Amino acid sequence: MSMTEAIPSPVKLSAVAAPGQPEPTPALEQLYRGFEQEMLVPLWTQIGDLMPAHPSSKAADHLWRWDHLLKLADEAGRIVPVGRGGERRAIALANPALGGRPFATPTLWAAIQYLMPGEDAPEHRHTQHAFRFVVEGEGVWTVVNGDSVRMSRGDFLPQGGWNWHAHHNAASEPMAWIDGLDIPFAYYGESQFFEHGRLHLDPHERATPRHSRSERLWAHPGLRPVAHLEEAPVTPLLAYRWVDTDRALNEQLALEAEGYAATVSPGHAAVRYTNPTNGRDVLPTIRCEMHRVKSGASTRPKREVGSAVFQVFDGQGTVAVGEKQWQVRRGDLFVVPSWQSFTARCDAGQVPLDLFRFADTPIFEAVHAYRCQPG
Amino acid sequence: MSMTEAIPSPVKLSAVAAPGQPEPTPALEQLYRGFEQEMLVPLWTQIGDLMPAHPSSKAADHLWRWDHLLKLADEAGRIVPVGRGGERRAIALANPALGGRPFATPTLWAAIQYLMPGEDAPEHRHTQHAFRFVVEGEGVWTVVNGDSVRMSRGDFLPQGGWNWHAHHNAASEPMAWIDGLDIPFAYYGESQFFEHGRLHLDPHERATPRHSRSERLWAHPGLRPVAHLEEAPVTPLLAYRWVDTDRALNEQLALEAEGYAATVSPGHAAVRYTNPTNGRDVLPTIRCEMHRVKSGASTRPKREVGSAVFQVFDGQGTVAVGEKQWQVRRGDLFVVPSWQSFTARCDAGQVPLDLFRFADTPIFEAVHAYRCQPG
Amino acid sequence: MSMTEAIPSPVKLSAVAAPGQPEPTPALEQLYRGFEQEMLVPLWTQIGDLMPAHPSSKAADHLWRWDHLLKLADEAGRIVPVGRGGERRAIALANPALGGRPFATPTLWAAIQYLMPGEDAPEHRHTQHAFRFVVEGEGVWTVVNGDSVRMSRGDFLPQGGWNWHAHHNAASEPMAWIDGLDIPFAYYGESQFFEHGRLHLDPHERATPRHSRSERLWAHPGLRPVAHLEEAPVTPLLAYRWVDTDRALNEQLALEAEGYAATVSPGHAAVRYTNPTNGRDVLPTIRCEMHRVKSGASTRPKREVGSAVFQVFDGQGTVAVGEKQWQVRRGDLFVVPSWQSFTARCDAGQVPLDLFRFADTPIFEAVHAYRCQPG
Amino acid sequence: MSMTEAIPSPVKLSAVAAPGQPEPTPALEQLYRGFEQEMLVPLWTQIGDLMPAHPSSKAADHLWRWDHLLKLADEAGRIVPVGRGGERRAIALANPALGGRPFATPTLWAAIQYLMPGEDAPEHRHTQHAFRFVVEGEGVWTVVNGDSVRMSRGDFLPQGGWNWHAHHNAASEPMAWIDGLDIPFAYYGESQFFEHGRLHLDPHERATPRHSRSERLWAHPGLRPVAHLEEAPVTPLLAYRWVDTDRALNEQLALEAEGYAATVSPGHAAVRYTNPTNGRDVLPTIRCEMHRVKSGASTRPKREVGSAVFQVFDGQGTVAVGEKQWQVRRGDLFVVPSWQSFTARCDAGQVPLDLFRFADTPIFEAVHAYRCQPG
């Protein structure tokens, strides 16, 4: 039988004169000492922070430049080995307003990962959901439960929680890509499990096929293998290829030009990566999309519950997040905190601005807490 | 156009000699300075905390004694007014390991609320989901969108987000009860909205009916009003009365005694409060249940993803949470952090131990992150 | 290897001169002979019947008088034994326009069942979904998988497919009730399975408890046993008692009188019997409801895809089905064919008109083929 | 006020001496006369037919030879015009055991449709769900809500209910294809609506694009247009092209050869056509699949609730339905009645046997009445 009295209370309360607050009297001070001792905090001292009129994010809107990241990742490639324990040469975006934690937003992790020629990242599995997105380069294969999946520019590789996975670089050049995970969500909610797998892949798993087995089974539009009819909460398709994504976006803009409703708004095409077993998000906690804004066009300003991370895939333009504005180019990453207005504009006379986006929206939709409104 | 360079980086990294960590060389130190400047944190310095083998809760298992709480609430009743701004005389449990914040667990808020005779708590609404549970007393009515709902010992009053609500004490005694909300979840996820309503109820809303309109429409077993057939994410039934809960628990134990499968385990009956429009949890983020352990029986030890708060409704017994054990009695509140084993035992020769429980499980189930295992 | 040529063709076609039909020439006649021989029928000869502008039911609107039914059932009670083979002393409504088949509507079976004092109806099970509804009398218990369920005036007893069931009359009087099933739907779709069970119940199964075990577990408003949390396609609650139904209907009318939205339309209250595990219909193929029309009020005329059967539970009034109108009283049964307008009126100065209704709507809703419109 | 007494009763009952039947006495005969007069039929005279131990289909297993069908359709093409009233030159399979009605099975319609060069089939819409499948030929475009969809060998064109559609033959040859619909299901259930549209298409709707707008929006594996995120009960993709279907089947067989689980059973590959908004069947009432059986292989015998129609797309082999067996070749159509065992074998040394299949399974799954078992 153990009691908790010995722990010095972390609760600190002070009576202050303020609107909505009780009179700061000695009696109140004494009451507050009682609260502290019993590990209690009154609502009336906290309500403004806890129950604001609308989300007022603790996270900052922030931009990371791809060339800076890449230079540091390259440096890390030379001096930091990859292996068991550290597991991955992954360098995470740390939102400047989230206390130095490697959290891009309150729920999302975003990191640049870097693998030298011939290197392996050892096998492990975790319940956090993950994806890889390749802004440039090629040569790495991700091996998921023994299935080798090629990674090339523009490819999106979702990977649901609790699948074994490793990476190996089969090329003669280093390769970088970004990883997105729901690590902060799992961290705050305390729902995460992790297991180490094998240090090295079997030789036959070092194959470098153009198409993974998952693609051969699943990447046929509207067609499902009759041998696999159960609904899965996570997509069974392990790679969404750029050639398909690019064509889908082009067709939307072409249909718009022909007078048909196909785009999100004029000049703004977008596709969502979905799970072919249920048509919903590829991952239960992370929504992933590719947006294309054509020359001279803008997206409609919008604010949403939940946070998002963007990476510029191609083109250049201007993005506005809340009060901030940045001129962006290939590879740049930035975050849009909850309920901050967002819009992107493609400079006139340029190639279209392609923006890869991931967001925590499925979490809020699942618990009926999602809202959005025009910007 | 604003850039973020001026903000001093909150990121602090130090190269250390440790298993799984890179060699602490000057080059590594220089790399870490680069990371700090660019607001980056490498996975290899964080993986143990972020990706543990299983949830290892930041929250403490902790017990709050009802008599201490009630004494402080009573004191607050005398010196802290209730009104606009502070909104409620609610005093929240602050988990000792969560930094002095009014969070019982990483996702759940639990508070004792206290209303003096004749007092009103002003009307407001918020997207956070809430409920009230009454361990003793009566005399307060909660007015939800104009519907007056009586509060008496053993009653459970769920109240989905974004409904207008106020309280008024129509009795000649003070009354206390507990409030449960998903405030911490909404706080970390940044999904919360709040609006003030009227300062005072209309006279006719001060009615003190035995049954609210919601009960008259919805509290008929298996019967739904044809005028209200849409599925609602939140229960439309605003009070679950003790007489029904008690009878349901007694019947489970009686059926068990007759040889039929009705209880969770021998001597352990339990009901879940559910939404009659879909049979699921009353609130999208909070699971609420009443458990009864009969004299001499125990619940089977179990650990679960996600956290829970219990209040002893009646009886006395011993509860074990992780390594801790407490002798508990009416009104006592305690938390079970994520993945901590829990069991409860009713002392032999006693009245049954009745435990009200609420937990964040629906969040994890909704995103397919729930797991449990025997103790 | 067998070929089908030997079967004389049931196809008979004749060329006729009519709008939309091809010219009746010898060449057409010869073509039609070819069609007949190859077991083919051209759309152009059938389209009016197969693809009408809206449903034009093959079934008749028809009324069966309870006193006539009861007299014949009573007669059958004296001369027709109940036992294995015939299985039940059930006498089915045969819609006059459905060719003498025992089909009340194209999808629904409705029968009066009759059991003499001391008689048993032998145990069997079938995939067809069923219910019993008691317009008057008491004394019979239905034993479902060994659980004895009392039958009394106003009680509704749903029973999902493939559950073993028998009936026994423990009283000194005969008892009649109605059975509703989806026999015609299963017959046309050819989805039915049937098995014989035991000829006689065990002595302990002849118990006559006031409440079945299913009620003791499930008939608590909004409360679910934690031991049984899986969603079931069929309700686990085996009796919906008149006392609850009556109270629910009275409350709706009282709320309406107080100015709140609770009824279907002025003076017209209604409850739907639902499955507490999902809030949906009690049976996957049959919707069951109780309607109450107060003195002087009418239901709003409405037409719906699918068919319904009504039984007058109490009161008297006038019902209109399509072009027909009947003055109805306790026990009378009538059918409303697909897309026929229906309305009911309670005569002024009378007790309320209570109408039990069952319909095949869930089938059409499940395949997105349901429509309705004001009458 | 009209009463039904004048209608001569279609009910005819005769007392017979048989097991399970009551003694054929004068009293019983008199009772039966009473039943007839009151439009009643006792269960005990019907139970064998209505409640068999397992489905015993009224429909026959039957084969239609494609060359016979095509010859008659070609003849019809010359003498039967297409236009308003008859609507389509569609010639339906009439199951020999379903009384000469144009029903391939109790729930499914299958017809050969035939369009001469330059002909139009006029626009209409109906709630019955439909698809087209092309076993050979090309040159016709189906125009669905103004979207022109090319029809070529191997293409599958689903078309949900209540969409406007017309066909036009832009080629210099006649073209035949098969139509599948749920006409019999809608006919028995009486849920069907129909409207005439325009007699002629606008000139710009006579375009002959290689890809319809629906394909340009939707035929990208795993990618959904963000402008169209709502779940639709019917697929928005109007053509599933043979090139994709063929590749998916080949990959399954290749994966099987490499040792991975990809096929239904050894040598038997199959894909299901699905709705990309939910991963479920393309149509709410009709399941459509393509099966490939490689040389020397067989499908595993299986029986299922519900009926199916097959068309041989390519290859030749032997199919067994219940007690029957047929040697089949391109274009042949046959039905598998409910609960009849089915298997197909591809002759050794032949090209694979490709079988297009459609079935009513979604209806039974939707109401939880589906069962299957090994053959």
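In order of appearance the chains are A, B, C and D, and numbering begins at 1 in each one.
To be clear about the criterion, a contact is a pair of C-beta atoms (placed from the backbone, for glycine too) under 8 Å apart; a residue touches a chain by one contact, two chains touch by 3 or more.
No experiment lies behind these values; they were computed from the predicted model shown.
S.K.: Check every other chain and keep only those touching both chain A and chain D; list them.
M.R.: Under the touch definition, chain A and chain D have no mutual neighbours whatsoever.
S.K.: With centres defined as the mean C-alpha position, give me the chain C-chain D separation in Å.
M.R.: For chain C versus chain D, the centre distance works out to 29 Å.
S.K.: Centre to centre, by mean C-alpha position, how many angstrom separate chain A and chain C?
M.R.: 53
S.K.: Tell me, which residues of chain C touch at least two other chains?
M.R.: Within chain C, no residue contacts more than one other chain.
S.K.: Is the way these chains touch best called a line, a ring, a star, complete, or other?
M.R.: Shape of the chain contacts: a ring, since each chain touches exactly two and the loop closes.
S.K.: Give the list of chain C residues in touch with chain D in this complex.
M.R.: Chain C reaches chain D through residues 1-4, 7, 9-12, 19-23, 25, 27-28, 31, 34-35, 38-44, 46-47, 50-60, 62-64, 68-69, 72, 75-76, 79-81, 83-102, 106-107, 111, 126-128, 161, 183, 185-195, 233-234, 284-285, 305-307, 323-327, 337-339, 360, 362-364, 366-371.
S.K.: Contact residues on chain D for chain A in the complex?
M.R.: 213, 216-227, 229, 231, 235, 237, 240, 244-245, 247-248, 251-252, 254-255, 260-264, 270-279, 282, 289, 291
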